[in-house]
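Next come two complexes built around chain A: one with chain B, the other with chain C.
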Partner chain A sequence: MTLADLWVSFPLVVLVGGTLILMIGVSIVRTHKLALGLTLLTLVLSLAAHDLALENIPAGGYELFGLLNVSGVQVFFNALFLLGAIVTALFAYPYFNERLERCEEFYILLLTATAGAMVVAAATHFASFILGLEILSISLYAMIAYPRQSHQPLEAAAKYLVLSAVASSAILMGMALIYAASGTMAFAELTLSPESGERSYFLLGQALICVGIAFKLSLVPFHMWTPDVYQGAPAVVTGYVATVSKGAVIALLIRYVQATDVLSYDGVFYAVVFVAVASMIVGNLLALLQTNVKRLLAYSSIAHLGYLLIAVLVVNSARPELVMETILLYVAAYFMITLAAFGIVNLTSEHETEDNEQLEAYTGLFWRNPLLASILTAVALALAGIPLTVGFIAKFYVFAAGVEGAAWALIWALLIGSAIGVFYYLRLIYTMVKEVQPGATALPRIGTQSVVAVTVLGILIVVLGVYPTPMIDMIRSIVQASGF
Partner chain B sequence: MPPTEHVLVLALMLFCVGAVGVLVRRNIIFILLSLEFMMNACAMAFIAAGAKWGQPDGQVMFMLILAIAASEVAVALGIVIQMARRFRTLDVDSVSELRE
Partner chain C sequence: MTVLYLILFLLGAGLIACLVERVNVNAPRWISLVAFIIATIWTVGIWLGGVDPATGFYVAGELSWIPALGINVILKVDGLSLMLVGLTTLLGVIAVVSSWSEINVSRGFFQFNILWVMAGVVGVFCAYDLFLFFFFWEVMLIPMYFLIAIWGHEDRSYAAMKFFLFTQVSGLLMLVAIIGLVWLNYANTGVITFSYDELLNVELSDTVGSLLMLGFFIAFITKLPSVPVHTWLPDAHTQAPTAGSVILAGILLKTGGYGLIRFTVPLFEEASRDFAFVAMLLGVISILYGGYMAYSQSDFKRLVAYSSIAHMGFILVGVYAFNELGMQGAIVTMIAHGFSTAALFMMAGSLQERLHTREMGEMGGLWVKAPRMGAMTMFFVIASVGMPGLGNFIGEFLVLVGAFKVNVPLTVLATIGIVVAAVYGLSLMQRSFQGTPNPQVATMQDFGFREMSVYAIMIVALVWIGVYPQHVLDLAQPTLDALGIAL
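What follows is the complex of A and B.
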C-alpha cells in the first residue's frame, strides 16, 4: 500500500472511522444532538477528504487494490451520496426526536449505508460489488424497520429484505456462472472467447446479474416491492432509499456496461430495452391511480429510472462523454428533486405517528403553508420535466443522448411516459391550491434545519433549471478529466 | 473430481429449489431458510468454478458469501422477532397492511 493509495481511499477511511467513533460514542453517552453532530462532522470531513483524493487521481482513474477504481466520476457520485446523507440526517433529527426514545443508532446505519454506496459506485470486481451492495442493503433493512413499534415499517422491512436478498442471490449466481465461463471476476477482463463452449453459462450469468440489478433499481417487471417499501418506510428513509441506493447501483451499472460491453449481446440489449420501455409506461400509468403521495412518488421513481436507462442503452451508439454527462446530470437532478419531495412529506407529517401521505392531506396547502407548497410545486414541475426546473434540463439531456444514439423506440416511450406523467403531477399541484376544508388541522410547528434543507433544495431545483451553465460546465470538466 | 458442469447444474437446481421455496412458503422462517438455500447454492457454484480454474478466488467468494448470508440472517431474525411481537403471527400473508 502506497501513500497515494491511502489518500485515494481516505474518504472511505474517514467515513468508516467516523462510524466506529459514533458507535463507541453512542454506547457511552446517549445524546441525540451529539450523535447528529458527529454524523454531520464525519460526512463533511469525508466530503473534504475527496479534495485530497482528487489530487492523486490520474486521468483514467486510480486503481485501488484491484477491487475499486476511483475517478472524477466516482468522486462526483460520492459527493452526491454524502450530500444526500447529510440532508437525510438533517431530516431525521426532528422526525425521530418526536417519535422515538432511542434514535442514535439510526445515524450509525446511515453512515454504513453511505460507505456501502461508495464502495458499490467504485467497484470493478465482483467481490467489491457484492460486498458494497450488501453493506448498503443490510443497513437499509434496519433503517426501514427503525421505528420498530409501528406495524408498517416492519412489514416494509420484511418485504424489502426478502426481495432484496433474492436479488442478491441472483446476482451471486450470475457471478458464479460468469466466473465459471471466463475464469476472472474483474469487470475489465470479463470477455468470452468465441471458441469456448460456455456461451450459455456466460449469457445466463449476465441475465441473472441484469435481473438482480433491475430489482435493486426497481424497474418493471421487478418493481413489485417499490410502492410497499416506499409507503411503509419512514419518509426520511424512503428519501434515502430512493436516492442513494439507486444512485449507487446506477453508477455501478454504467461502469459494468462500459467495462464488459454486455450490451453488445443482442439478447441482453433487447431485454434491457424492454425493461426501460415497460418502466417508463407502466410506472407512469400506475401512478395515475394513486391517492397516496408516497406510492405516487414510488411509481414516479420507477418511471424516472426507466428514463435514465435510455442513457445507459445508447452507451455504444452515442458519444461516451455525452452518455456520462447525461447520467451524472440526471442522477444529480433526481437526487435534489427526490430528497426535496420526501423532505416535504416528512415536514408536513411531524408530530403524527403515521406519515402524512394521503393526497387529501395536501388540500389547500398553498393557503396553510405557502413556503412548503411552493417548494412542492417546484418539485412536481421538476418531476414532470417542465422547463425552468432542473428536471427539464435532465430530461433534455436524456432526449439528446437518445437522439444521438438513434434509439427512436425509447424516445417515443419517453415522450408518452412524460405526457402521462404531467397529469398526476399537475393533480398534486391542483390539490394544493384547492380551498381549505373547514376543520382541517393546522400544520404542526416544524424543525428549522429541515425547513432550511428543503428550501435550499427547492431553490437549487429552480435556479439550476433557469441557469444550468455552472452545473453543466462542472460535470463536463469532471467527465473530461476522467478520460471519456 | 466430478466435472464442473455437473456441480454447476446441481447448484442451479438447488438455487431453483430455494427460489420456489421463497415463492410458495408463507411462513417467514421458511422463507429465510429458502434464502439460505439460494445463497449456499451460489457458494457451491463458486467453489466449483474456482476448482475448474485452479484459483483460490472461488473459495474467497465462498467465505464472503458465508459472511453476507450470516449478517443478512442476523438482521432478518431481528425483524422476525419484532414481527412476531407486533403482529402475533409469522405468516407473511396476514402481515399486509400496505396496499393501494
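What follows is the complex of A and C.
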C-alpha cells in the first residue's frame, strides 16, 4: 500500500473511522446531540478528505487494490452521498427526538450505509460490488425499521429485506454464471470471446445482474416494493433510500455498462429499453392514482429513474461526455429535489406519531405556511421538469442526450410520461392553493435546522434552474478530467 | 439590455407587490398599476428612440448565460416585437384596472402573478435565443395557472389543469424540435448554439424539416388556438378571473401567432410552404367552427371565448397565405383583437360582478339600467364583427385579400366567417343589453370614471388602427422584410 493509496482511500477511511468512534462513544454516553455532532463531523471531514484524494487521482481514475477505481466521477457521487447523508442527519434529529428514546444507533447505520454506497459507486469488481451493496442494504433494513415500536416501519423493513435479498441472490447467481463463462470477476475483463461456447451462461448472467440492478433502482417490472417501503419507512429514511441508495446503484450501473459494453448485446439492450419505457409510463400512470404523498413520490421516482435510463441507453450512440454529463447532472438534480420533497413531508409531520402524508393534509398549505408551500411548489415543478427549476435543466439534458443518440422511441415515452406527470404534480400544487378547510389543525412548530436545510435545497433548486452555468461547468470539468 | 431591465423591473415589482400586502392590502394593486404605466412609458420611450442603424433593431443586447451549451440571453426589439410589447404593457394596465375591486383574497399574490405573466410574455416577444424563448414560454404558464386555479370561478381546478396540460405538452414537442434543430446544426457545423440568427441557416432535408416544423407548429397553434387543439380555451377563459381572461385573450394567444411568424415560417420556410394549405384549412375551420360554437353559447364569457377561436383562425390564414398582405393582416388582427376581446372580457367581468351570473338568459334589457355599459358593449361588439373604420376590419380585410391571391375557395369560406361573426356578435348584444328588461335585475350600477377611462384607451387604439393603420404597417414592415422569405 503506497501513500497515494492511502490518500485516495482516505475519505472512506475517515468515514469508517468515524463510525467506529461513534459506536464506542454511544456505548459510553448516550446523548442524541453528541451523536448528531459526531456524525456531522465525520461526514464533513470525509467530504474534506476528498480534496486530498483528488490531488492524487490521475485522469482515468486511480486503481485501488484491484477492487475499486476512484475517478473524478466517483468523487462527485461520493460528495453527493455525503451531502445527502448530512441533510438526512439534520432531518433525523428533530424527527427522532420527538418520537424515540434511543436514537443514537441510527447515525451509526447512516454512516455505514453511506460507506457502502461509496464502495458500490467505486466498484470495478464483483467482489467489491456485492460487498458494498450488502453493507448498504443491511444498514437500510435497520434504518427503515428504526421506529421499532410502530407497525408500519417494521412491515416495510420486512418487505424490503425479503425482496432485496431476492435481488441480491439474483445478482450473485448472475455473477457466478458470468464467472463460469468468462473466468474473471473484474468488470473490465468481462467480455465474451466470439468462439466461446458459454454464450448462454454469459447472457443469462448479465440478465440476472440487470434484474438485480433494476430491483435496486425500482424499475418496472421490479418496482413492487417501492411504494410500500416509501410509505412505511419514516420520511427521513425514505429520502435517503430514494437518493443515496439509488445514486450508488446508478453510479455502478454506468460504470458497469461502460466497462463491459453489455448494452451492445441486442437482447440486453432491448430488455433495458423495455424496462425504461415501462418505468416512465407505468410509474407515471400509477402515480396518478395515489392520494398519499409518499406513495406518489415513490411512483414519481420510478418514472424519474426511467428518464435517467435514457441517458444510459444512448451510451453507445451519443458522445460519452454528454452521456456522463447528463447522468451526473440528473442525479445531482434528483438528489436535491427528492431530499427537499421528503424533507417537507418530514417537516409537516414532526410532532405527530404518524407521518403527515395524505394529500388532503396539504390543503391550503399555501396560506398556512407560505415558505414550505413555496418550496414544495418548486419541488413539484422541478419533478415535472418545468423551467425556473433545476428539474428542467436535468430533463433538458436527457432530451439532448436522447436526440443525439437518436433514441426517438424513448423520447416519445419521455414526452408521454412527462405529460401524465404534469397532471399529478399540478394536483399537488392545486391542493396547496385551495382554501383552508375550517377546523384544519395548525401546523406544528418546526425545527429550525430542518427548515434551514429545506430552504437551502429549495433555493438551490430555483437558482440552479435559472443559472445552471456553475453546476454545468463543474460537471463538465469533472467529466473531462475523468477522461471521457 | 433595456429589455432585460424591463423584464427584471416587472419581476421585481411583482415581488414587492407580493410582500407589501402585509403592510396595506390595497397597496399591491397600486404598485402593479404604477409598474405597468411605467413599463408602457418605457416602451413608448424605446419606440421614440428609433431604430439603431447599426443593428437594425430598436434595442438589442446579448449576455452570456450557459456558455457550455451555446445558450445566451439575446433580447432584441424590432417593430413587431415593439408593438406586441406595447400591447402587453398597456393591457397590463387594463388588466389591473379591470380587476380593481374584484379580488378580495391574497391580493399581493394576485398582482405578483399578473406581473410575472407579463414579464414572461415580454421575454417571449423579444427572445432571439431558442432556449431563452422556450424558457419564457414555459415561465408565463405557471403564474397563469395560479391566476385561474386560485381566483377563478366555480370550475377552476379543471380549467386550470387543462390549460396547463395542453400548453405544457405541446411545449415539450417544441422543445424536442428545438433540440433536434440545434443538434442538426451541430452535426453540420460542429457548433452547439441556440441562437436564432445562426439557426436560420440550417440546411434541412424534407422529412426532417417537416417533422421539426410540426413540433413548433403544434405548440403555436395550441396557444393560438386553432382547431383541433382549441378545447382548453373556452374552459380557461370562462373560469379565469377577469384580469386572467384579459391577459389570456389579449396577449397569451398572440404569442402563438408571434411564434408562427417569428419562428415556424422563417426557420422552416420550405416545410411551411408545403404545409401552407393544411394550415390555412385549419384556420378556415377554426373561423367557421368558432363562429358556429360562439352562436350556440348562452354564457357571455364562453361566447366571447369561442369568438376568439374564430378571430385567431384569421391569423393562421394570413400567415400561411405567404404574402405581404396576409402577414400584415395577421399582425394587425393580433393587435386589434387584443383590444377588442380584452374589452369584451372586461365587460363579462363587470356584468358578473354586478349580476353574479354570466348567463345571458338572466340578463336582457340592461341598456336601460346601464347605458354606458351598453354603449361600450355595442362599440366593441361592432369592432369585433369587423366594422370598417375600426382595427379588426383592417386586419381581417388584409388577411382576406392576401389569401384571395392564393386560394379562392378557402377565402370565400373565411369570408362567410365574417357574416357568422355579425350573427353571434349582434345576438350577444340583443340577448344581454336589449329586449325586455329582466324583472329580476332590479338595479345595476353603471360604469364610473375608472372603467370608462380604460375603455377610452381601447377605443382610441382601435379607431387609430382602423382609420390610419399605416403606423402599424410601417412598424411591421421591416420585420417582414427581415424574415428573409420571399413574400
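Some observations on this one:
Note that in this section the second predicted complex is superposed on the first by the 484 of 484 C-alpha atoms of A that agree within 3 Å, B and C clash if a C-alpha of one lies under 4 Å from a C-alpha of the other, contacts with A are read in each partner's own complex, and residues count from 1 in each chain.
As a convention for this text, contacts are C-beta pairs under 8 Å (C-beta built on N, C-alpha and C of every residue); 3 or more make two chains touch, one makes a residue touch a chain.
Everything numeric in this text was worked out from a predicted model, so none of it was measured.
With chain A as the common reference, the superposed partners chain B and chain C fit together side by side. When both complexes are overlaid on chain A, the residue A:Leu381 reaches chain C alone and has no touch with chain B.
Contact with chain C, but none with chain B, is seen for A:Ala400 once the two complexes are overlaid on the shared chain.
Look at A:Leu415: by the touch rule set out above, it reaches chain C but stays clear of chain B.
Seen from the CA centre of chain A, chain B and chain C lie at an angle of 140° in the overlaid model, rounded to the nearest 10. Contacts of A:Ala242 after superposition: neither chain B nor chain C is touched.
Once chain A of one complex is fitted onto chain A of the other, the partner contacts of A:Phe423 are limited to chain C, with no touch recorded for chain B. Using the contact criterion defined above for the overlaid structures, shared-chain residue A:Ala214 touches neither chain B nor chain C, since it reaches no partner.
Ranked by how many residues of chain A each touches, chain B and chain C are led by B. Touch criterion not met for A:Val272: it reaches neither chain B nor chain C. Judged by the touch definition given at the top, the superposed model places A:Gln152 against chain B, while chain C stays out of reach. After superposing the two complexes on chain A, the closest approach between C-alpha atoms of chain B and chain C comes to 24 Å. Against chain B, in their complex, chain A makes its touches with residues 126-127, 130-131, 134, 138, 141-142, 145, 148-149, 151-152, 154-159, 161-162, 165-166, 168-169, 172-173, 175-177, 179-180, 183, 185, 201, 227-228, 231-232, 289-290, 292, 295.
Chain B meets chain A in the complex at residues 4, 8, 11-12, 15, 18-19, 22, 28, 31, 35, 38-39, 41-42, 45-46, 48-50, 52-53, 55, 57-58, 60-61, 64-65, 68, 71-72, 75-76, 78-80, 82-83, 86-87, 92, 95-100.
Residue ranges on chain A touching chain C, taken from their complex, read 367, 381, 384, 386-388, 392, 396, 399-400, 403-404, 411, 415, 418-419, 422-423, 426-427, 429-430, 433, 467-469, 472-473, 476.
Here chain C touches chain A in the complex through residues 65-69, 106, 134-135, 138-139, 141-142, 145-146, 149-150, 157, 160-161, 164-165, 168-169, 172-173, 175-176, 179-180, 183, going by the rule given at the top.
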